[in-house]
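Have a look at these structures, which come just after this line.
Both complexes shown next keep chain A, but they swap its partner, so chain B is in the first and chain C is in the second.
Right, the complex of A and B next:
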């Protein structure tokens, strides 16, 4: 037997991404371009993190920047390096949430740009451009639930700007779910937490009016939330269609749809976009087009998205015939319960959605949500993205894996990566573990046949 | 009349290349293990050549080849690749029928695999990040205390004091070991403490898949009696070691090639061993040396008896 060098070949892309998401990409690009020039157009600017407060900012006449979203955008374009280097120089080490240290690095670059300082990031001027384009904020608002980093993140941003930018912090009770009457969307804990957060939103609105000098437009809030509610309903309907076999669209398509539902203005264009998403999915079902060529396995993907690897992971899973269909980050986030929103009085429904962050549930609720979606999408296995710098998300993953195995007979694998830092990802680990799990699934299928 | 169909399994691991030739009845005709660096093509060539020579056949005589290991995609002539998880489960279940937990510790990774009564993979877990808890860790220890790797186990068994090795990183462990040496700590105690720490690390891996018995330890580390002993203590149960634990992956790969051929399906299209009744070798496990020495003549498998039993 003579050993010969293997020929390098390119694996064909077996993923079939939705075409309409390109329009979503254009909408997002336009949004950021407008934000970069907001001050020149006379807008005051708020930086915020966590839950989607943008409808309030829209009604308050402000331009808004979601720090997490901007960090994700940089990572998705592989442009996170300069911001992370600037953050590292400032003292934010690699174990800090990579969303936060990327965005904090942006804050450093913004500040140094204003002051004409140098970041010391040598030889990366072109890449630094995007990371340094955020306009200086006039306000900070933190709306993180169940995240030990989030509130400190904005506190540190406040310090980066020499404590000269006012900050408002919304406090979210953790939904432990361990009282006798507690359940998903049920129980005294849920009711009291909802009222508590709603009251803070009222305080936030008063605070913004006072600080900005702008009168809050309640009619605009109701209008934008009407659009957002409709967009969210369409999103849910599109997700439901993906339970079909083979699935017409996958998790990666829905990841591409996160930004529009998360922070774009509530308007007709947003509704039209999600209508188009749903329509394309329905059209695929009608024409027999699957989201993955030759779908063989259906997976649940748990973890915040590895934004550096979106396209890569989409192709990798498709290469194995895997349709990734569900995950906490999609099914259990982003205005996911639109029926809660009363468009005439939206604050309570908004408050409830901020509480329903996937990192804000106790294990009992997470277990319920995960197993529910695994069953409804008829999942064969779970891939846990051990998001290295997000302990809030990864903390319960082993428990969920155990529960899925014991209750549904669903196997799991774990691989390490991060939300905005590609250095934690290890190709061979994911490849070998995924392949091993698929082999085990094949064996069990053969046994059952 | 003995069937002359032969099947090859190749495990191109991170530090060692292993090859096994089996007969149609599952008996090992020959095997080899060559340590020649990371995913070594030269090592693979030597391992395959040695196994084929031991079986007194040429590559063209093979009825099927399956590869596994880090370098599984680099093995020419392999009709199918399977992961180490599948191959180690298959090979170990055949060597130690009835085992329920396989712990494989190789040069760069470690795995815990639970198998059902038929020998199919139930759950598995692997070391998360670096080479912690793997053979690399032992190499660092051997180098630091200036003891040949082959003598490390005996040294560790003579240690008695737990010096608390806290790090799980092989690189940082070296720093701790050097520090202990600088404090004039007994070398035997250092060695035993490292073994104890690695056993604890392995126990954490087992916790991810659940404890099951019987337990079998495979991989190159299983040749170290102290590693077996300390793991048995940590688990609180007997740990079985097959006669030549390094080749379980390659053996499993060869069996998978045989299984597919038996069903009359191309190896590339076959599902791993799932034919309703898990095939068992009709004769006890038998094989030649695992250090590159040629095994028994073709058609005359050597019966080396039951697995070694250590620890507990």
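Right, the complex of A and C next:
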């Protein structure tokens, strides 16, 4: 029998989230507000998916909307309902990737909203709902690596808008890693894929110039990539500091930093933000403050974030004295190898980051990265978020769990949830499996001592 | 008394059926007859088998072998599509030992997940991913396809331990084309009104072609075709079957469709027209022709795992229905098949606009609710009857 552990509101919150992420939240809210009014300011708007093309859009004089980010934001604010309903009415199956389902639902709402007026701000009748405020795109750009869903999703967006919005697709070779010389950031497969994607970025820039009528500002691209590179370095340094015991900040803090690094403009404010994140972490180390009150266990988290449950999960793990420290979605994504970026000629390094999406590696490489991070952060176990509608993240998880057990002797648990659909989350399963794993770790420790 | 043509035809169909339903038995016989030669497993949907055939290898499209998933459960999530879970199970239980290697050219993310399981669990067998570009409008699509076809050739050569000459490749292209052309004749005849083959028989014909040597298949199929007299359609409701992009639907489903008072007149199934529609041009240099075959497969029968702005599965479906006189469409969508899910609303919209009744059936690897399917199908048949003009 599974015992359901109620999560009472009376349980004190033992997670100590970084204060600085509130500033990140403000920056993100401002960004979206600007986007909602971009059309009024005469900006053309691009909808894109996948890797962070925003520096290119910035230099091309466009306003940009990242599809997954918008779906994630709706889910994090529990506002995904209307978009998902519109998607369901249109015919999208509930088991379709919930990012794509939410975003396609927004596209449907956007179209419906267009009937109401010429402002470009959709769904005037429904202004309160964020989902219907997304301005209609002037362009689509697809930059999805690894997961084939991303590529098909954009093609469908293009069709939902009756093929009237021009679309550019960047194709990414999947880094299968089979050749004898293949490895993370190494080998002929890596080199040739990098060049191929870089060449497509050159084509994209020409395409945007021609379609938008805006001259591409190369200096602005170099400048924003200089800021992004610096922010990414600070982010890495901050992540490095979290190897300390007890950990000064957790995976959940870094999740709050995803949006800024992933799509905010590259500028001094972004650098200041990540400097402040790192400073706060350093300050905690200096003062002996941990990210979780009484850290007893250290965990790795695999799977895309369950955006509906961010605060909830951070409290839940802290309640058990678990510091979740690292994860595939944090360590191995989002400008995570800043040394690859040459700020004078940034396209190659950008292309390489797009290829480094954590869904774009065969399991061999993911296994290397996961074992490396589990060892470096000295974790006691892995929690796999079996992200219910995300085929890409869940595919290799069982092999990764087996490998962590065989190679590092660390246990794992799986629980179901989803990126942007709360209905898939099963509280009892997470609670009972987590408790069982922690008990097993206790027994092992007792035997060792 | 049966004529000897009929006996030959029946025996030939029996051989095809056996190969379709038990590829293991077929491969065993082929190995015995071709000692020292290799058998390559290839995953749907786009690997050009001609390359392997020209290297003296038997390229077998790995099918969903319809066995229940047991040990494979430990390797892929429960909710993954049935075909990929079955592949994982084949690898986990040693059933993949049938093949000496595995080649895949596709980019469906679930298929890649399953391929990785095979790579991990079958270290003796080389597993090669030669990803054919799936976005066919890209500026570089043509060059990328050519580059990958050349890579596939080299990889197959190293797998087979033999070079592929242009002449051998031309001969293989001819063999596959000839077999496809014959199957296509049968499918075209069905679309034009001939009902002499049942949908299950046709599925066996195509599924056996996916496992067998093309010359042998062609010989047997010729005998089958020669023994059949055309049979005109009666007035049952004419149905087009759509979906199942990469593996066969359960035979029971196909049987129920005809039991419910419908007749299947055409399809775009993987074990149907989707497999045989595109030919390789025999008048162009062979490697280039294979590249072109790939680029044009999506035009021949649109596949939602490819991205091509000017090719529409919905438009194709309406044209196909017009050609065959289909009055209703049954969508067979494997549970969790995302490419299909993404395109389904487009199909639904187009068919609704054209006034064609349709039924969506989500199929499962195990445990099909056959009776509820029958009831829904009977309702579709009834609804479609009401669409017929009263004077017809």
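Things worth noting here:
Everything that follows uses one rule, which is that the second predicted complex is superposed on the first by the 427 of 449 C-alpha atoms of A that agree within 3 Å, B and C clash if a C-alpha of one lies under 4 Å from a C-alpha of the other, contacts with A are read in each partner's own complex, and residues count from 1 in each chain.
Criterion: a contact is a pair of C-beta atoms (placed from the backbone, for glycine too) under 8 Å apart; a residue touches a chain by one contact, two chains touch by 3 or more.
In this text, all values refer to a predicted model and were calculated from it rather than measured experimentally.
Contacts of A:321 after superposition: neither chain B nor chain C is touched.
Using the contact criterion defined above for the overlaid structures, shared-chain residue A:153 touches chain C, although it does not reach chain B. Within the superposed three-chain model, A:396 lies in touch with chain C and out of touch with chain B [touch as defined at top].
Judged by the number of chain A residues each one touches, C leads among chain B and chain C.
In the overlay built on the shared chain, the residue A:447 is in contact with chain B alone; chain C does not reach it.
In the overlay built on the shared chain, the residue A:432 is in contact with chain B alone; chain C does not reach it. Using the contact criterion defined above for the overlaid structures, shared-chain residue A:363 touches chain C, although it does not reach chain B. When the shared chain is aligned, chain C comes close enough to touch A:97, but chain B does not. Comparing which residues of chain A touch chain B with which touch chain C, the overlap comprises 386, 398.
By the touch criterion stated above, chain A contacts chain B in their complex at residues 1-4, 6, 386, 398, 405, 411, 414, 416, 428-429, 432-433, 435-436, 439-440, 442-447. Interface of chain C with chain A (complex): residues 74-77, 79-80, 107-110, 112-114, 116-117, 119-120, 127-129, 131, 133-135, 137-140, 144, 304-305, 307, 309, 333, 335-336, 338-339, 341-346, 348-349. Of all residues in chain B, those touching chain A in their complex are 41-42, 44-45, 48-49, 52, 59, 70, 73-74, 76-77, 82-86, 118, 120-126, 128-129, 208, 271-276. Every residue of chain A that touches chain C in the complex is listed here, in rising order: 90-93, 95-97, 100, 142, 146-149, 151-153, 155-156, 158-159, 163, 167, 169, 171, 173-174, 176, 178, 196, 199-200, 203, 359, 362-364, 386, 388, 391-392, 394-399.
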